[in-house]
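Same chain, two partners: chain A is paired with chain B first, then with chain C.
Presenting the complex of A and B:
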């Protein structure tokens, strides 16, 4: 399966936002975090879930696909890079195309910014900042074998469904064992558009 | 290239290995230092405490080092009606010394007090104790660790004859049943969570006892959401089940303990049916917890302020010890007990004489033999050594009564951290002279006559002992900014001017540490075998460590013996009693307080760091949906001490009869304006974790004040950004970052 990548295990997340703070320390976008931390069940529970760039593989990263300026490069090892500053025109197409809501636009600078899997660190064999510091291992960087050696029996999924579209990603989710056969739902099914039930 | 050293030498940058300045986990980290010798970043460090992990406080800590709010010149004023002026070191020191002399000549030596802090390096806490007794010659010295874990310390001392956790963190990974009582591990000790999850991966059961459903409680096998202030009834009841179901380890008890019969008789008075009523939890849960804990091959109990911040804090901790002892879960890999220290040096801060009743090495100031030993090391007559003083809160009461007329505070911020703010303010206002050491102008320093600008943890060497009693070394990463001196220098200089210079001829931390090692030699808290070189080599050594070839003692009681002369655990029977602030029709609910992951203690440090302010800009009141509030609506929290208005954070993760407030902010949004200054009679810890309250609808929120800054400085804009935002964070851990560009 996949090589070294990030595994997300929401069951471990304590919502501390160390990942968010660490992401700000990354030399390639210092001062800004590219991680979203969502509290999924506000008012009921303290459950939380980090979203990092999923580095989509198949179909080729939607953000890169829609970029009119060819600013988003995908490296040979599957890392979807943040937009090349000499090419990006700040049009925000990528923001709209990403099924996970990852890229951000710096409106002032008219530049896109997104997680590039800490390419400046991973190129040296280091883990990305977020997964390095995450106190709980909710973000884990390594191979699936390394993950399973540390957490025996754990299962992962790297396929998400959005309606009828399946997206296979470079970053994987840790899922409960009995769910691993199926893709993880990536979004709520669309049932209504402009007040019309579109299921029929 | 080692995985965590990639940055070294890139562009002349260096990495200085050190530890986080904040909590008792003491995560290893590197500070990134630029070519000009300035700290500008952090890099995770593969230290065996944290294995690269850091929490948001640890990641942002470096930003305080060269923060624009740093104090860089002594501030002085002759009366509180005047404004501060920046003065020379000589002027500030001379004024301080003349005020000390004046007050002590007029009202006696003990009219001057000293309050230290448990975020100081151990060398400095040693100096605080020595400075008070040898230079000031006052008995009135205490420290803010008094607000932290003295209840656990007291209980451990009573039961085991030693004041520290029994097991290292790594034992958590080996246990089969982990009981966490009164500790929001996910937010207060985030990096420890990896050990908790590691235990869970191995199949250990997780039991969490907490009125709130915290991030760790959410995943627990059993979450006991008991009513604040009922812990000892609960733990007694567990013992009752254990006794009645024959689950006690009678052989262990007979061989290793005293007092079991009394403990057993008392426990039987708390059958689950009764405890369930007191604690407001299902009796079934009590059976479940008792059986799970007792039947586990190896079980551990870890606790923190949740059970310690009570008027029966010591007793609560004793009931946990009773539970571990009764089931034989002591002194084995994966079996034992631990206390989670709030402050970085909460453990080390009390070991070497900063506490009112203690001399270095944990010696008692009332013990003839101990006094003689220390006087010999310090080179003073025994008649010159004062006796025991009073605790931090009691000193404030004495200030209020004008029994203590002058005060020096080092590294503490009682205006935010002590309960019942009104009394604290009155106490401090009543002093004729007050000086404070700090690197930011804290709320307390802003009320002083003299403020000494001192170093951060990154500008000096020193050791701290973490929650495992593992001594770790912090290394100096940069020179202090011009105008800033080390606390060691200031104390030694004051001592010199007070005529005790020969006893304080320390050039640096290393020289103080050498004296501390010797002063602790032969005591229970033996540091003699610990040297700076060994600490650098090993990454930390747990005391006792009596000789330089001794490996240290990560786990206690492995030979089955405690530190009492008879080698036994002295069990103590405990009777539960109601909290000190009585419930009534007017005040029917419990108010409880605690921390949030983004902030540290009184917030003097973290409320100035942009990322942390943005994550949690303001306090809130956590209330259950049954009260009819919506999230963000103003809710007035009223206690017998006053009332304040917070935005509501409505959540089912809290008991309907309980309100939670995080305590890191000053008035008018200070939880501690509402909490009660009742103390545990033995440990003198305040009862922060429960007082009677009620909640009401309100129309306007109280605003969060900016942290004070020195005259001439402008409030750092980054910290102002979101403070005006009236909304609470979306979750106790902070604001979600759901803005999607």
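Presenting the complex of A and C:
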């Protein structure tokens, strides 16, 4: 079962960009934010979704699996590290294979960059920068028990479906309690939202 | 298998190149043996590496683009240019930081120089003979053939005999910079492993410093401490050579893969084969590249490979939409 990790609750996200700014301050990617904050239903609602690396466990880190240079390593505690600078050849395989759309690439520097769960902080028991500053708790760092103690009645899901594949992740999403047995849809096949086709 | 074949070939080359060991300097035997181990290790690791799905496909595509007719017709200069800017001058490192680029160039050229001297010398391919017994006129021979004659007291002569010292002088500041950076830069030290990240730098510095001390000892100390230093130097070098295929230094062998990758993308770009995201139309990558990645994903049984046809942002937005629709019912 999950240890300390990030729990994402998009329902609480107010799109304030605090996590993005905090991520930018983090030492492991100084000056660059690894958090994606997307306004998923722009013009229709204020819904926003913060995305950090989900630290896929099974299939184990697709980004690392497709990497031709063995540049992405997974630590013993399940944290998928960003690319090793000496190995990464900047091919962008990881960028396009990640089902969650997480890694970024700097084509000039031939270097991939992604959220590594603030490894410089979490390895020492500190919460990642994003979770520390999030004003609404949309990004929560701790154990499931801690989360549930604070928010009675919530459940978490750590499995996503993409087409016919299920991806189990180290980072989980908060779901209403009655939906917990249901893996979270990953968005593939492309879905409709509120009865409207979102492909276009 | 491949490893054994490659080391066999190298031994053969050593024997022939040193004119049936006549030019082989037995004092350098440990170095030569380490060289053979190195060849074995690199060949072995290379085969393992290149058989993983991601690398295997890229490897094939890289060579295919190199030998394709398009490449010869449209971009005959692309490959040499990429090799020079990418492998030689490592332009991409400049985009990471200028200091890192400069430090890496120092290490790189220092090591290239050192390798060019050391390997042929320890394999008995190079010999320096003096026509008149004790100099100053020297001849440099490769595989027994005279290449050039020089005066050991001239500038060229000095450079010839101090090539390794020059290499050390290049490597020391470069490696020291990286060591210093690893100590103080939190970005660099995140997830850093002693054996992987620090040992190689320390090894480079030990080799260079002991190498310089050898010269120092022979010039200023009349050889004082020479033997001890020589052993230390040799141990460091042998250890490093054997370590190359298994640690951080393997990137030296892997880097050229990047040229293949770029050539592959470059050739497709020349033909305007760019793949646009299915949802927003932003270019994702070249078409053959996306196809190649999908193949890799299928090889790995990641059967959401059609997802590679959407850009990262659209993947996130679609997932967000799916979550809203099915999990949170659109915040109603």
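Methods note: the second predicted complex is superposed on the first by the 188 of 200 C-alpha atoms of A that agree within 3 Å, B and C clash if a C-alpha of one lies under 4 Å from a C-alpha of the other, contacts with A are read in each partner's own complex, and residues count from 1 in each chain.
The rule is short, and it goes like this: a contact is a pair of C-beta atoms (placed from the backbone, for glycine too) under 8 Å apart; a residue touches a chain by one contact, two chains touch by 3 or more.
It should be emphasised that the depicted structure is a prediction, and the values quoted were computed from it without experimental measurement.
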item: Partners on chain A (chain B, chain C) - clash or fit; value: fit
item: Which of chain B and chain C A:125 touches, first, second, both or neither; value: first
item: Which superposed partner A:137 touches (first chain B, second chain C, both, neither); value: first
item: Superposition-derived angle with apex at the Cα centre of chain A and sides reaching chain B and chain C, degrees in steps of 10; value: 120
item: Contacts of A:21 with chain B and chain C, given as first, second, both or neither; value: first
item: More chain A residues in contact [chain B versus chain C]; value: C
item: Partner chain(s) touched by A:11 [first = chain B, second = chain C, both, neither]; value: both
item: Touching partner for A:36 - first (chain B), second (chain C), both, neither; value: both
item: Nearest Cα pair across chain B and chain C, whole Å; value: 5
item: Intersection of the chain A residues that touch chain B with those that touch chain C; value: 11, 36, 38, 45-47, 92, 95, 101, 103-104
item: Residues of chain B defined as touching chain A within the complex; value: 1, 3-4, 6, 41-42, 44, 50, 52-56, 58-60, 186-187, 190-194, 197, 201, 213-216, 218-219, 597-598, 611-612, 615, 625, 631, 650-653, 730-734, 736-738, 740-741
item: Interface residues, chain A side, partner chain B - complex; value: 11-18, 20-22, 24-25, 33, 35-39, 42-48, 92, 95, 101, 103-105, 121, 124-127, 129, 132-137, 150-152
item: Complex contact set, residues of chain A against chain C; value: 10-11, 27-30, 36, 38, 40-41, 45-47, 49, 51, 59, 62, 65-70, 73, 75, 81, 85-87, 89-93, 95-104, 106, 108-111, 116, 119-120, 123, 160, 162-165, 167, 173, 175-176, 179, 182, 184-188, 190-194, 198-200
item: Complex contact set, residues of chain C against chain A; value: 49, 52-55, 57-59, 92-93, 95-96, 186-187, 189-191, 248, 251, 254-255, 257-258, 261, 278-279, 284-285, 289-290, 293, 296-297, 300-304, 306-308, 310-328, 330-331
